[in-house]
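Next up, some structures in structure tokens.
The two complexes that follow have subunit A in common; it is paired with subunit B in the first and with subunit C in the second.
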Partner chain A sequence: MREKSTTLYIGPQHPGITGNMMVKLQVEGDTVVKAETHVGYLHRGFEKLMERRNWLQSFTIVCRICVPEPDPNEENYARAVEEIEGREVPERAKYIRVMTLELARIASYLLWYGGQAGSAGLYTMPQWSVGDRNYILDLFEDLTGGRIYHMYIWPGGVRRDLPKGFKDKALKTMDYLEKRIDEYDKLLFENSIFQKRAKGVGIIDKNKAIEWGVVGAPLRGCGIKSDVRIDDPYEVYDKLDFEVPAMEGGDVWTRALIRRFEIRQSINIVRQTLEKMPGGEFYNKIPNPMKWKIPAGDAYVKTESARGEFAYYVVSDGTNKPRRVHVKGPAYVHGVTLLENLLVGENISDVSFIMNSLGTCPPEIER
Partner chain B sequence: MSFFNLKGILSPVTALKQFGKKPHTVGFPEVSIEASDRYRGLHFNDLDACIGCGNCSTICMNNAIDMIQLDGIEGEKGDSGLRPRVDNGRCCWCALCVEVCPTGSLNLTKEYNFVSTDASDFLWTPGLSNKDKKDKISFVSDKETSLTEYTRVPMRELDGMERIKSFAEAVLGYNEEEARREASRCISCSLCTESCPDHMHIPEYINAIASGNDADALRIIYDNNPLPEMCGKVCTRRCEDVCAISVRGEAVAIRWLKRYATETAKNADIIKEIVNPEIREANGLNVSVIGAGPSGLTVAYYLALRGYNVTIYEAKAKAGGMTYYGIPKYRLPEESLEKQVGYIQSIGVKINFNTRVGKDISFNEIYEKSDAVFMGVGYEKPWTLGITGEDLEGSLQAVTYLDAINSGKEINIGDKVAVIGGGNVAIDAARVARRKGADVTIVYRRRIEDMPADWEEIEGAEDEGVHIMQQGIPLEIVGKNGKVTGLKIAHAEMIPDPNGGRPRPKQIEGSEEILEMTAVIGAIGQEGDYSFLPEEIMKQLKIERGRFVVNEGGQTNLSKIFAGGDSVNKTADAISAIADGFRAVKAIDKFLNK
Partner chain C sequence: MTDTLNKENKLLEVLKEEFKLLSGKVKRSRRVEVVIENEQIIPILLFAKERLNYIHFSHMSCVDWIEEGKFEVIYILWSPEEKINLLIKTKVAREGEDLPNIDFIWRQANTYEREIREMYGLPFDGLVGREEFILEDWDEIPPMRRDFITNEYVSETYFEREGREDAKDVREQILGRTDEKLPDFAKKYSRD
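And now, the complex of A and B:
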């Protein structure tokens, strides 16, 4: 006698899963009838750890909340602390921050290219995009001293000024990447296999997206133009010229197109920041970190990360340690509520394909 | 859409043109990539520049840095002798240790490859285990980027020309905001505690000030110093000489912070209320203290707290010893000392003023009725210059002069005064004479930078218009009709010491000249006056080079007699005297409670 449905487990260790989490699938034939996400394999207790670290020591762990794109965490933490303390940030630092955030966005999208194509079985794309991402990591290495964890944007500004020759190197890298995007198009977006796999798969309903609090590319892929950089500009985004794409569709294909379009915008923003960057200080020095106290207060700040709106709620009770740091990453919605609903009715082979298109990142779910 | 659209099949094939292009990757280990100039790789520590303050270890939340003892590195003043050891298995290369290193000795390098099959290999001492990597330093913190605050909050003072109009206190003290800001510069490394003769709990009270808890600061300060406000104003502050921040910047103003904390208590009653010391029940033991100077007051205060019946015999009308009669009032106002002495009296210390031992009361009488005697008699007999003309009217010694002024007497010094010497007493005498309207020249054998006086005092004197003549050797005091009319000096050249010591002045032949003067004040040192001691005690007491020989607890060879302060201690400053007193308290307590 044939069983009607079977239980399958994907993850926590699985190449198709972004990070360590597990999806328990109830399948009938090749079709998913129920998806249940299981997290808890990656809990490192960041929020709790920060309660016993002083304000500067906490700065070094926020970046670890997201490996592919650590900078929005640094940006959020720094901006929250600055807001509570009332610390001014030099104009130059703001430009450097925006540049760093956009470089991180590009690096993150390049990694996404690899994941999205890789989960469709197109293995040349990851080789290319991860290789090209390395050129951004080179820039990060020059700028911050670290390739993955930059620990660069900190309260008061940025940690170091641009190194000598950075501008030229960065502009060259941008030119190179821009050309490469065309080649990626040929390899991925013009590829029949990808088109066939992506179109009409993992469709998010526009109303549900709003209801669930979907953000970032998945939301813009539903035709809703929402981006923190436009809606609630921080740093110097209001002084820069760029567009935020939004398209109707709601499927994997639309989300992919949006990201492809955004890379070009980010390249453009990086160029603008490098051109418009004023001289002067890059850092409004904090006092001795051992005795640095932040007046009591709280701040809710948000940044547009590559995966969507990324927010921090920071509370100070007037001591030298944060009372509470709450991290609200987009993956909580995308990786749990949205994914569980989206997978129903889809093919098993599309599970990690859809997951990649949402940009889930388990460390954000379990901070 | 059909699966067989031609473009969709051909486009990806264009990727084939990448064949034959230079690859992105390089072959390792044939080719190794040099990391960037700012790379955060393995640590390197300049072991000679490091002072072992341990700030790197404090900031590291991964507990990756331990401070350990290394062979061949001894602790000394301003160096704990410890060096950081890094557990590379715990390090996350955030480089906060580099950012907070006050000396800039700790850096990260371009090195990122370290392979070993033995886990214990990852625990190593930067700078020792990778000696040859100094040229690989990449992530550094210079003074601009370092998180250490190198600039001191400036102290507000009266203007130099304003100061000389009166004996008003020249230094105005920090206000609350300034004190908090200055206190927050401290990195709590405790190198200062080691250097302070009295080992005051400096990081603790500075921390209390930084956290806005002045009362706590005062309590901590009173734990081992009963005259903190005096120290807060005039201490020689060896602590600041070794401050970790002073290696690359300006030391934390430890003295001014102590002054701030103590000045928050406006009178003796408030001090008592805040410090609220535990006074033990009377134990019936009598201790006599000769001299109400810093060491005597310290012994009296802490023994009284321990339940002893303490009586001080003071020859003069006021307590404080040299701090009252030697230090000018613009540095240490009378009210300040009275407040502190008043507090000491308020916990039960009896002071018999105007009672010179050996004259008003015999030493033997005190000796007989006490279970222990502490002598804090100081050095009050000034040395003379040993040149001709010192018997002339207008030739006097600085200590005598300061004593007279501080006692409210007037001494006519005329309008052109030479002060001979380069110590704090010389500067004090010069600045006092300046306030008395004289045109003052300090004549010093060596250069200004060789002067033992506090640099702030030297600067203060210069601000007030005191002229400093360096490399001037006094030869003779010239006079007419029994009065000083001038000082004959010769100029000197500095001869380097072949043994590496400080250069010595050598008289230049034919450079003699006579400076017109109405008074010459000598300030080249003092010695003790022990004439109050009976002959049989003098015979038995061990005295070497004018100082009592004592053990580590201040006990002389006569077990009932203890001594401290200048008459024991070569450093001859108030804080050393207090430290002597504090040590003697423990020794006396132990001696009497055998």
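And now, the complex of A and C:
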């Protein structure tokens, strides 16, 4: 006899993601047979707000789109405006930007460590990794004045130069975090519970991954080497030496390993930027922001965020306000079409586990 | 640099040979832009995907050019081999016209189309999917249209909470405590 199917609502609040999003599941026994993503709990209309604010006022809004990692938004917006206007950015500012982006990536991965382990029921890991993330937030506080939202990378460069003693403090923090990765391995990757839960779960088909719009760590976890930093280099990534890890597998386990390797690469990049950073200006001053007009035109820019390719499509009509700013975060695809298909056939208890491994971030979906 | 731009120029030439483009240009390295009539959307997308290997659908956006009475819809594709973003633009009338649904080519396009349908009121012919995506019980004009004025909507829909009337611009109040004056340049950007 066929089992009766039941509707189960997971969310809007649940451990799988940062933010609120509901997944409506159709389950038979404890197996998912259909999944539907429902968003709308976090829509704040940022894109509409930006159309009514001038170019500099809009810059203060963009970072609010993503809490765990706001910097790719700032960098994308700044670079899009610079591209349309044709504004040059000083070399020093580019190095500082890359350093900020990589620090944000590490912070975001540390938060992800916590979420991924927490959704498997391993509660020591979040305490450790979120605690260590605070050291990076301390660096951000020194650098920008803010811990979560930095409003630091703006059109023309960055808002402030490195404060006194920042380099030493940053290098010390990097040394500390590098040692901690081995501790995390013992706690998470060598844990048999995590291994059993993660291996063979939430598998993305390698042959279809690019076509389905998968980006970032989930795509590299299918064995496809794809990274905006290499494929479409921005700022000074083409002058830095780093590797992009890629592994065959396509399951939660592989995606977790990819992120683990990437933390080491990011630590390496932060060290390089601090060493290679030239002196000089850090900001190419913009005119009076209230009268600042950007010539008509459009730009499509993208960054590699911790969750994958983060893109901005910005249009100017020649006035002092943006005509359109369209934000596309990786979760727009990962959290809707990919997740809906990936959950079919999985166990209910793996739903938030898989969601976390894709880096689903609802504020990116609805902005 | 010249080497990479060669790739972009070659792509533009291939597209010019196959399709009647309204315009086309290389924006910069790794960005090529073409403008087409909206009847050609499906042929050009299929051609780019099947023949030129632009298999990754990166982005789809809509811009409201209310002065012209048109929506501009932008499809952005990426080729993992050539490492080029191809921007395909088309214009469609704000009222009475629709665009073809393309989610049979890339299934993730479904999400973009549902959002554009909801936020701009632009219909896609043959689009299947839940009507509501982000908004709930919305019966005003689609909110991302330029003629939807957020300020007016807010003042008509929401009421001032009693006792909060003075909270509009608190600068005067704060300055009043120390007998300071609001400088003229700041008054200019006052909210009232």
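As a working rule, the second predicted complex is superposed on the first by the 362 of 367 C-alpha atoms of A that agree within 3 Å, B and C clash if a C-alpha of one lies under 4 Å from a C-alpha of the other, contacts with A are read in each partner's own complex, and residues count from 1 in each chain.
In the analysis below, a contact is a pair of C-beta atoms (placed from the backbone, for glycine too) under 8 Å apart; a residue touches a chain by one contact, two chains touch by 3 or more.
These numbers come from a predicted model, not from an experiment.
Three-chain overlay on subunit A, with subunit B and subunit C in a clash. In the superposition on chain A, A:P163 makes contact with subunit B only, not with subunit C. By the document's definition of touching, of the two partners only subunit B reaches A:D142; subunit C does not. When the two complexes are overlaid on their common chain A, residue A:G223 makes contact with neither subunit B nor subunit C.
In the overlay built on the shared chain, the residue A:P12 is in contact with neither subunit B nor subunit C.
When the two complexes are overlaid on their common chain A, residue A:M290 makes contact with subunit B and with subunit C alike.
When both complexes are overlaid on chain A, the residue A:V336 reaches subunit C alone and has no touch with subunit B. Contacts of A:R323 after superposition on the shared chain: subunit C is touched, whereas subunit B is not. In the superposition on chain A, A:N191 makes contact with subunit B only, while subunit C stays out of contact range. In the three-chain superposition, subunit B clashes with subunit C only at 167-175, the remaining stretches of 23-31, 113-121 or 167-175 being clear.
Taken together, the two structures place residues 290 of subunit A in contact with subunit B in one case and with subunit C in the other. By the touch criterion given at the top, residues 36, 39-40, 43, 45, 47-49, 51-52, 83, 210-213, 224, 226, 231-232, 290, 300, 302, 309, 311, 313, 315, 323-324, 326, 328, 332-333, 336-338, 366 of subunit A touch subunit C in their complex.
Contact residues of subunit B toward subunit A in the complex are 1, 3-5, 7-9, 11-12, 14-15, 24-25, 35-40, 55, 58-59, 61, 92-96, 99-100, 108, 138-139, 145, 147-149, 181, 183-188, 207, 210-211. The touching residues of subunit C, when paired with subunit A in their complex, are 28, 30-31, 55-59, 61, 63-64, 74, 76, 80, 83, 85, 87, 106-108, 110-111, 130, 132-136, 143-144, 146, 148, 150-151, 189.
Contact residues of subunit A toward subunit B in the complex are 53, 56-57, 60-61, 122, 124, 131-132, 134, 138, 141-146, 149, 151, 159-160, 163, 183, 185-188, 190-193, 195-196, 199, 283, 285-293.
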